[in-house]
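After this come two complexes, each holding chain A, first together with chain B and then together with chain C.
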Partner chain A sequence: MSARLRRTAVPVVAFALLAAFMLVLPAFVNDFRAQQFAYVAIYLVAITGLNVLSGYTGQISLGHGAFMAIGGYTTAILMTDYGVKDVWTIPAAALVAGAAGVLFGIPATRLSGLYLALATFAIAVATPPVIKRFEGFTGGGSGINLFGTEELTASLTPVEILGFELNFNNWLYYLCATVSLVLYVVAWLFLRGRTGRALRAVRDSETAAVSFGVSLTRYKTLAFGVSAAYAGVAGSLFAIATTFVNPDTFPISLSIFLLVGVVVAGLGSLAGLVAGAIFIQFLPLWAQEVSKSPGAPAVVYGAILIAVMFLLPYGVAGLIARLLRPRRGSTGI
Partner chain B sequence: MTRKLTLTLAALALVLAAGVATAGAGQEQRTSDPGVTATSILLGGTSPLSGSASAYASVARGADAYLKYANAKGGVAGRKITYKYLDDAYNPAQTVQATRQLVEQDGVFAVFNALGTEHNIAIRDYLKAQGVPQIFAASGATTFGRDVDAYPGLIGFQPSYQAEGWVYGKYLSRTGVGSRVAVLFQNDDYGKDLLAGLKRGLQRSKVKVVAAQPYEVTASDVQSQVAKLKSSGADVFAVFATPKFAIQAYVFANKLGWKPRLTINNAVSSASNIMLLASEGGTNKVVNGSVSVVFLKDPTDPKWKNDPTMKLYRQVMKKYAPGANVNDVYHVYGMAVAWTTVEVLKKVGKNLTRNALVAALGTMSMGRNPFLLPGIAIKTGPSDHFPIEQMLLQRWDKGAWKSFGGIWGYRAT
Partner chain C sequence: MADFLQQVVSGLASGGIYGSLALALVLIHRATGIINFAQGEMATFSTYIAWTLTTNHGWSYWPAFLFTLAVSFGGGVGVYQVVIRPNERGSVLRVVIVTIGLLILVNGLVQLIWSGEVRAVESPFPSGTFTVGEVAIAYQDVGTIAVSLGVVVLLWLFFQFTKIGLAMRAAAVNPAEARLVGVRVTWMLALGWGLAAVLGAVAGMLAAPSVFLDPTMMQAILIYAFAAAVLGGIDSPVGAVVGGLFLGVLLNVLSWLSQYGLFDWFTEELRLPTALAIILGVLLVRPAGIFGRQAVRKV
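== the complex of A and B ==
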């Protein structure tokens, strides 16, 4: 098998397996689990986008929860105030959050490293109060409820898709899974060509990138926009799945969890992202199972996180790469 | 290679077909309400076991301890009550997920004692659609007691924040301790309800709210707000804040040399342990003479030292919540809720259904809940889902709360 074919075939087969697994999963788990896996798909979208920015372009963001909030509120406001059906609000959320990402990306190109981390953290901190400020528009602290509205598919009566009747949880699962898989492929296509190379060049050495004719402003802004659009989609799905948005549904900790998810998955690789998303969704729940005494869940969570970073310094993607590395003697040419 | 790939894909297709075919199955019909058997009742709810509001986790722990005690005494109508409480980290999105788990996976009979205003709002439409009662929501937001028609299965427990604010307003307008009030409030339904109640109580009196400063629950401190309030020249300082910020408010007021003639601290933050922290070892004079409302027996109050209920309280805590802080009044709150629940379930008796429970909740009339102060009744009606509408004023004096005056009652609207 030629190296070129191998480079394409391995991801394609792996992706086909993943897609197949995601398609049949609801048959093997109960409704409620399906709903939890819908959240895994949502986090997958968010950290795929964040990986474009942080993993491939080398720009740290501690503020992606804010872009999720923009997406979530776009969906909630369009649904309740303008009567737009939930699925059609998803592209709108992508556009609005993407635009916000580009706007934020322009000044952010002048910042790097810690300063950028602080600036992005600032938007995560500022988002909840800003949302509360415009109470007439956003519903203030009480938020916006979507459950039981006509615009929310399948929340009261099951929906029929391709001859299958889906209840709310299974519908959510398939919606989120489909969106996440499509966006996963889009990210892969986006990153494997010329643009991906340019982004990686920016990450590895800005000076070298510029001397090869890569525009820093253009590519950094692009990365911000794309990754914010992903976060917007994730926020939109999050609002649909949670059937409720309020400022506290997008807390500062969400932004940090997303970054943790990307690091656990492995920066600069798409291979481990599903594991990162599972980590974000399930680890807090597992930590709670261990002990409910005051402070214990947080300690368990932290301990597991530290252990993971010790054992897998390059994340799950690093582990996968190590397992797939061609053995000595088979160069694959 | 191609052959292998074809085979793999064919195998996949088979698995897919099998999976999709079985996906439609399941969902059997139930004859009785979920969560109830001849020997058991399953209640569930969320609680901030972690995160910024984890101090309130004691509400769930106290209730759990009392229900375990009730089970040990034989349960209710032959049924033992299990109370499953899950962490939501005080984040409504997690409240929604955890509540769905309780309803869809654990099959709870009712959602019980879920804590937080926004958190109960986030789940009420869902629970209504599922037909799951949402009982004794741990929040004083007015909407939980008032909007019975929209949410017949939802009921709160504690006095509404509006009623509490009103009592402060009336107290100020009647006594004339000060005439200019400065308010620090949390920028959400809880803080705004208190402020609105205060203004209502001050209507047609000479006392005015001269300044009101909001803070965000995500803020790190309230120093600038306290400084602005001080500069308003007010002589009464009303603190409508959760514990962490209430302590800061006292400390900053002291630091800035502000000596209001009276400080009001709402019931949410007036537990004795919080007051002791705020008093900075007795050096903070702003704390002295603070006024708050009370409806529960305070475990640190020497008055209840030989009270049989508080003796029982300490025994139950020791046995079923070992290691927990017995002086934490939120445990008493939890037990008061659990006691009421047991009484209501007793009244419904053998034929326990969700409808019967909701009906019984709408016609409660209990003269004495031993965990509440004597004279405070629990009473509801078809359009009144405010179980407790009475409270007493108390004053912080020489390191302890002392109640004074008669019982105040107010119906929030």
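== the complex of A and C ==
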């Protein structure tokens, strides 16, 4: 196999397998698991977006939960106050969160490294109290309930799609899985050409990027916008999945776990993202099963996280790259 | 006006605590180039050790204080050698994630060993106040300011006037050349982690009497310390202390103003976001912090 063919064929085949796996998965697991996998798909969307910003452009964000909150509340408000059907609020959430990302990105381009980390962390810290403050708009501390409304698909009666009758959890799973796969491909297309190259140039050396005519302000702002739009979609799906939003739906820890997920997946690569999303969703649950005594799950979780960093210095993507690399002696060219 | 000055003094006291922890963050950032997210939890752990010694084993306060500092120093060195150093290759974020893992792990350990119950901690300083002019000042506040600033001064003397201090500064500034002139760089960095853990322990023990001891005690304080360190310039020790004091006073003044209907819109919960917004405003004007220097790199 030539190297060029390998470079396109391997991802395409892997993606086709992933899509096929996701399509048939609900047939093998129960309802409850299907819902958990819906959350995996949601985290996949969020960390794909975060990877555009942190992995490809090199800008740390500790505040992506805030953009998810913007997306989630956009969906909730549109559904309850304006009677918009849930699926149609998803693009709106992407637009609103993306716009917020661009607005935040413009001043943030002045900051780099830890200063940017603090700035993004600040918005994650500020989000819950600010949501509480605008009570009339956001329902304050008690939040907005979506369950049992007309606008929430399949929450009252099962929905029929292509002749299949789907209950809420299965419908939710297919919605999230489809959106995440589509956005995964979009990210791949977005990152592989000229734009992706410009973003990586910004990450590797700002000075070199500028001297080749890459505008730092434009590309950093673009990365912020795209990344926040992804987070917005994830937040929108999150609101639909929990059928409820309140300020604590999007805590600071969510932002931190997203960063953990993207580093576990591997920065600057799309290959490991599914593993990162699974890590975010299932490791806490699994750690709870190990021991019930207070504090023990946290000990297990922390220890595993540290062990993963020991074993996979470049994340799951690094492992995949190492496995796929042509062995010495074989003529890969 | 007396009211206002009183707020400033107690702001300085909490600012001293933020400053100590901020200084710990700065020390580690200078040595290893990362933010240690576990700094607050390590401090909580130290504070629990001091609490156990005084409450369960009948030690008096200051011996327990010193013993805790020694244990914390060892703990800091150990953490660096065991989990941080092996992970230093590759992206900086890898080490950052390791410290997040440590945060979760240490927090779990504290709950496992001492349970999540909230504990009252006795203060080493007498309660009550004395008056200067019309301002009533709590002994607790003065003691907190004195201890935290005292530790900072000691540290400064150590870095400025001892050979090990010089070696540590050399290792932080230029590891490769420091190694060439015979500085054992790895051990210097480990020492830096140990000293940072000591500073964190001081901050934790000073904070515990007023905020009560529980496993999440230092999490909010870590956010303040992070903000203070960045405000001052992440590589500037002076900046960290000044940033901490500034933030402590700022938060108190904001709440004082709200008594008079000013900034009324800012509820108790919005105070931290407000303070962060002000800091971000400062950073937009000075992107490397107040005392920081813009890094100039050769390409």
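By our rule, the second predicted complex is superposed on the first by the 332 of 333 C-alpha atoms of A that agree within 3 Å, B and C clash if a C-alpha of one lies under 4 Å from a C-alpha of the other, contacts with A are read in each partner's own complex, and residues count from 1 in each chain.
Note that a residue touches a chain if its C-beta (ideal position, glycine included) is under 8 Å from a C-beta of that chain, and two chains touch if they have at least 3 such contacts.
Predicted model only: the values in this text are computed from it and were never measured.
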| said: Just to be sure I read the superposition right, which of the two partners does A:138 touch: chain B = first, chain C = second, or both, or neither? | reply: neither
Exercise for review: Go through the superposed model and pick first if A:208 touches only chain B, second if only chain C, both, or neither.
Suggested key: second
Next on the checklist: Is A:54 touching anything from chain B or chain C once the two structures are fitted on A? First, second, both or neither.
Outcome noted: second
Touched partner set for A:32, first chain B, second chain C, both or neither:
first
**OP:** Quick one: classify A:227 as touching chain B (first), chain C (second), both or neither.
**Re:** neither
| message | So in the superposed three-chain picture, is A:125 touching just chain B, just chain C, both, or none of them (first/second/both/neither)? | response | both
Thinking of the overlay built on chain A, is A:298 touched by chain B (first), by chain C (second), by both, or by neither? both
Exercise for review: In the overlay, answer first, second, both or neither for which of chain B and chain C A:111 touches.
Suggested key: second
In chain A, both chain B and chain C touch residues 125, 129, 132, 293-295, 297-298
In their shared complex, chain C is touched by residues of chain A numbered 54, 60, 107, 110-112, 114-115, 117-119, 121-122, 125-126, 129-130, 132-133, 205, 207-208, 256, 259-260, 263-264, 267, 293-306, 309-310, 313-314
Contacts from chain B onto chain A in the complex sit at residues 1, 5, 8-9, 12, 15-16, 18-24, 27, 49-50, 54, 57, 86-87, 89-93, 96-97, 100-101, 104-105, 118, 121-122, 125-126, 128-129, 187-189, 216-218, 323
Interface with chain B, chain A side, in the complex: residues 1, 13, 16-17, 20, 23-28, 30-33, 35-36, 39, 125, 128-129, 132, 140-143, 145, 147-148, 155-156, 164-165, 167, 169-170, 238, 242-244, 246, 248-253, 284, 288, 292-295, 297-298
In the complex, the residues of chain C that touch chain A are 29, 35, 83, 86-87, 89-91, 93-94, 96-98, 100-113, 115-116, 215, 223, 226-227, 230, 234, 267, 269-270, 272-273, 276-277, 279-280, 283-284, 287-289, 297, 299
